[in-house]
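There are two complexes below, and they share chain A, which is joined by chain B in the first and by chain C in the second.
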Partner chain A sequence: MRKKFFEQMLLIRLFEEKIEELFTQGILFGTTHACIGQEAVAVGITQAMNEGDIITSNHRGHGHFIASTDDVDGLMAELMGKATGICAGRSGSQHLCKGDFYANGITGGMTAVATGMALAEKLKKSERIVISFFGDGALGEGVLYESLNMASLWKLPIVYVLENNYYAMSTHISCGVAGSMIDRAKAFGIEAQELNTNDVEVIYSSFEKIADGVRKQSRPHFLVINTYRQCGHSKSDDCNYRTREEEIGWKDKDPLTILGARLDKDVKNSIREKCASRIESAVEKASKADFPKIDSIYEGLFQ
Partner chain B sequence: MRNITYCEALNEAMLQEMERDSNIFVYGIGVPDHVGVFGSTVGLLKKFGKERCFDTPISEDAMTGFGLGAAINKMRPIHVHIRVDFLLLAINQLANMISCYRYGTGGTLKVPLVIRAVVGRGWGQSFQHSKSMFSTFAHIPGLKVVLPTTPKDAKGLLIAAIRDDNPVILIEHRWLYWQVGDVPEEPYSIPIGEANILKKGKDITIVATSWMNVEAVKAADVLEKIGISVEVVDPRTIAPLNDEIIIKSVKKTGHCIIADNDWVDFGVSAEIATKIYEKCFGVLKSPIERIGFAHTPCPTARHLENCFYPNAVTIIRSVEKKLGLEPMDLTGESFYSHENRFKGPF
Partner chain C sequence: MITYAQSISQALDYKLKKDKNVILLGEDVCDPYGGAFKITKGLSTKYPDQVINTPMSEWALTGLAAGLAMRGIRPILEIMFGDFLTLCADQLINHATKFGWMYKGKVTVPMVIRTPMGGRRGYGPTHSQTLEKLFLGIPGLKIIAPSHFHDPGEQLIKAIEDNDPVLFIENKVLYTREIDELENGHIFDYSARKSKDEYETIILSNNDFKEHQVTVLTYGGMLPWVTVALNELLLEDEVTSEIIVPSYINKASMPEILESVEKTGRLVIVEEGTLFNGWGAEMAAQVINDGFELLESPVKRVAAKNVPIANTKILEDAVLPQVVDIKKAVEEVLK
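Coming up: the complex of A and B.
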């Protein structure tokens, strides 16, 4: 497990570093929002899920996507706008959808969708649960509270995962969030918990227990994980709104450093080689792939 | 022949479809209550239970996104809004989310979601409880927008919407709920994207939407008495708009009035007029005339409200002007007035 966690987190990290590089070369379309520094959340949670559980994600979704689907090739092709991309080049970075994974670029927008998915699972009497990722920025959106209200009223099997990375674009939580985050969920009668860690193993074991309770009792749960976005909000953000001291402080709490301390150097090196070669191969395949055909623009608007 | 109301037709459509497919559920503010969205959802709770027919908090935004989630997760939700105005609180879900998912996934995701919304005219409903907003929704690629006029269309188009794998917004005018017509008892669907000729004629074409079809047919009946033959065409679906029948009619008559149950500027009438100009240039004997609401928010006072809404008389006078006729004497004609009929609740 430990090696797998490390491999997945490193794969996400190297993928996003490669994305940065490709962007500067003008190879990618649109914007991207990296999750560098937050990989433990994506990996810890998705690894504790059951097969068939549903994930909704947000604009910062590469980590969630790679950790849950492992489809680096499809994601790379999508970011390059290729026909072989997971959404045939139509979605780009922010609206990734594949199998049971659904993301979108409207802050908080998916919390309602995830809640509806949870109702569908309840009606189908399935064992599946929904995991809805969003950031601290979504705390400003009313749709989140409308959704929490319904999930609690109707006892829906859903875990709302708030990744608090302290910044909504450039706005620090001290300027955007009043009161306590978990108390907001508790006000709706929803069980809530806060984790102050970038340790993937702690997140994994905590989430296993949470998922088990949600699945067995069909009820919502609200989980806050305090982490840190080491990179900018999006491409072209130079982070002038925070201090270098603050950034250095969080470097010590880098999820790869924390877990890396529990692994042999040789093991880490071989994992690094494997991840790097997968990413190179993804870039190569995506580069060679075709763009969508121009006359396909109207295809698939309606069934 | 079996005559039932538009409202009963809507109700029957949902009842029969919910019996056929257990994945269909209906929800929204007031859906299972004693009034049942002006009677259209009455009896569904008793028949299908609270799992498939349920009330919601007043949270239009989340409720609409909720429908999207259930739809892409293999259910077939019907979300009901007692006013179109309230649906505007969910415009993010409609324009950013629901409309995009199928296209944005390269066609792999299905979104079988039906949204029913009611135009609540009358009884001094004023500017936040009476809107139509047809073109606002039709402007967004990825949404189908259907405006049933007759009881037969209400049942057939709602069934078609429920069976459709795309998001469909069905906008129902409150006054149409009392319209009575022949409706087959068995389930049937009317294809979305097919216009209907409500009255055949040869002198002038009136393209009307929703309630304005009732006014247009009334105007046509009155004009018939002085020998004017009006063809009334109801597009029924405005997105995607199939203009075939409209164009054929205008090519035959050479004159066209568009009577939209909505504002004129930037509205459905502008879109239809453009299609006609593009395809009937050189055939038109007069410029197209457009009839719609006064370009103001809807006022409450009755005499102002009457001025805000066009009606059959407005249409008759427009036809006379267009064909160079003297205004006919309308003494003794009775026209529709449901202002006093719709008294709530809600």
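Coming up: the complex of A and C.
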């Protein structure tokens, strides 16, 4: 377990670092939101899910995606805009979809879609639960509260996972979020919990219990995890809205450092080699792949 | 004979009975209330597991419907008044209609939003508008707005069975009208035929499809006003006309329009929404692009004035298009 967690977190970290590099080299085009520093959330939660559980994600979804699908090749090709990408270049970084994983780039918007998915699974009497990831910025969007209200009324099997990284773009939560985060969910009669950690093992074991309760009792849960985005919001962010001291303070709480302290150096080195070579090979394959055909734009759309 | 409202209710009943994956949700849709316009009355009693009363949350409900649809359910969401579609806009435009395409066909989103639209009932500025025009240019969204000469229930069944998101517009003034159906080449007093599309366009003639002086294009709740205007013109001035009435109003191409204009050379477009940037503007542009040389006079558009819809009848009537406006437009193109 421990090795696997480390491997997945490192795979995500190296992936995000490679993406930054490719942007600098002009190989990638557009924008992207890396999750450097937040890998423990993605890995801890997705590893505690059952096969078939559903995930909705947001603009910062590479970590959620890699941790749950392990498809580095498909994601890399997608970001490069290639026909071999998971959505053939249509989705890019913010709108990933594969299997039971669905993301979109409208802040807070997927919380409603996720709630509908939880209702669908409940109507179908399936054992699946839905995990909906969003950030502290989504706390400003009304659609979240409409969704929480219905999830509570109808006892839907869904976990709302709020990744609080303290900032929505440049806006600190002290300027964007009034009152308490978890009390907002509690006001709807939803069980809520807050984790103040970047320790993937703590997140994993906490989430195992949460998922079990949500699945067995068919009810929603609201989980706040306080974490930190070490990188900029998107590729063009000089982080002038926060101090270097704050950033350094969080470096000590880096999820890879925390877990890494429990692993042998040799083990970590061999994991690093494996991850690095997977990413190199993903870049190589994606680089060689074709761009989608122009007349494919109409595919799947009625006129 | 059944009314437009009964036709819709029967269609809902039929689909709820036949397909247990169909569910209906909305504000106040359950018995004993049965919906603000009583369309869903009785359905929650017959199908208690498939009809869900919801809180007033149009924004999240639209997303919720998309989520249901992506996971194998066929939701029909009732939005109490079409004016409230503004609250659905983000989930319709940035979510429901995007998923199928942007996820490269990995999902389908078979959802229907049904909503009563239009004025003439004294409901005032925020409960009387014709807002489907705001959604006309959204790729991936079908807007179906049947008239009472369509079989609205049949159109709704097709919408529920459709694998794409459908916005289904029910004009309020039509609810109490009896529906007239095509029989032996006739609907009511008209010679009539239907296009072969899935959502049919109806073509009506008051001269047995022989010669016509003018083509009138309209949809939904304006059809009764158009037929009155054209009847009067036939009786008063022997003006013959062909009326084209689509149900799928944002279909990419409607060849019936040019076919008719080829014969008449004159076109009047009638809609209940506001004139500026309206449905008629798009339809006129299409005709001018593809058949300018067929036109013997400029295309005329009849639509609501660019003013909110007042509560008092005298002002509501002044804002919405009336029979006299249609007659005047026809007379002008015939000059």
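Throughout what follows, the second predicted complex is superposed on the first by the 301 of 303 C-alpha atoms of A that agree within 3 Å, B and C clash if a C-alpha of one lies under 4 Å from a C-alpha of the other, contacts with A are read in each partner's own complex, and residues count from 1 in each chain.
Criterion: contacts are C-beta pairs under 8 Å (C-beta built on N, C-alpha and C of every residue); 3 or more make two chains touch, one makes a residue touch a chain.
Being a predicted model, the structure only gives us computed values, none of them experimental.
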Once both complexes are superposed via chain A, do chain B and chain C end up clashing or fitting? clash
Tell me which partner A:124 touches in the superposition: chain B (first), chain C (second), both or neither. both
After the superposition on A, what does A:299 contact: first (chain B), second (chain C), both or neither? both
Contacts for A:172 in the overlay, against chain B (first) and chain C (second): which applies, first, second, both or neither? neither
If we overlay the two complexes on their shared chain A, which of chain B and chain C does A:114 touch? Say first, second, both or neither. both
Is A:102 contacted by the first partner chain B, the second partner chain C, both or neither? both
Can you pull the chain A residues that chain B and chain C both touch? 54, 87-88, 90-91, 95, 97, 102, 104, 106, 109-121, 123-124, 142-143, 146-147, 149-150, 153, 299-303
The chain C residues in contact with chain A across the complex are 23, 49, 52, 54-55, 57, 59-73, 75, 90-91, 94-95, 98-107, 139-140, 142, 164, 252
Interfacial residue positions of chain A with respect to chain C in the complex: 54, 86-88, 90-91, 95, 97-98, 102, 104, 106, 109-121, 123-124, 142-143, 146-147, 149-150, 153-154, 299-303
Which residues of chain B touch chain A once you look at their complex with the stated criterion? 25, 51-52, 56-57, 59, 61-75, 77, 92-93, 96-97, 100-110, 141-142, 144, 164-166, 240
Would you tell me which residues of chain A are touching chain B in their complex? 54, 56, 87-91, 95, 97, 102, 104, 106, 109-121, 123-124, 142-143, 146-147, 149-150, 153, 299-303
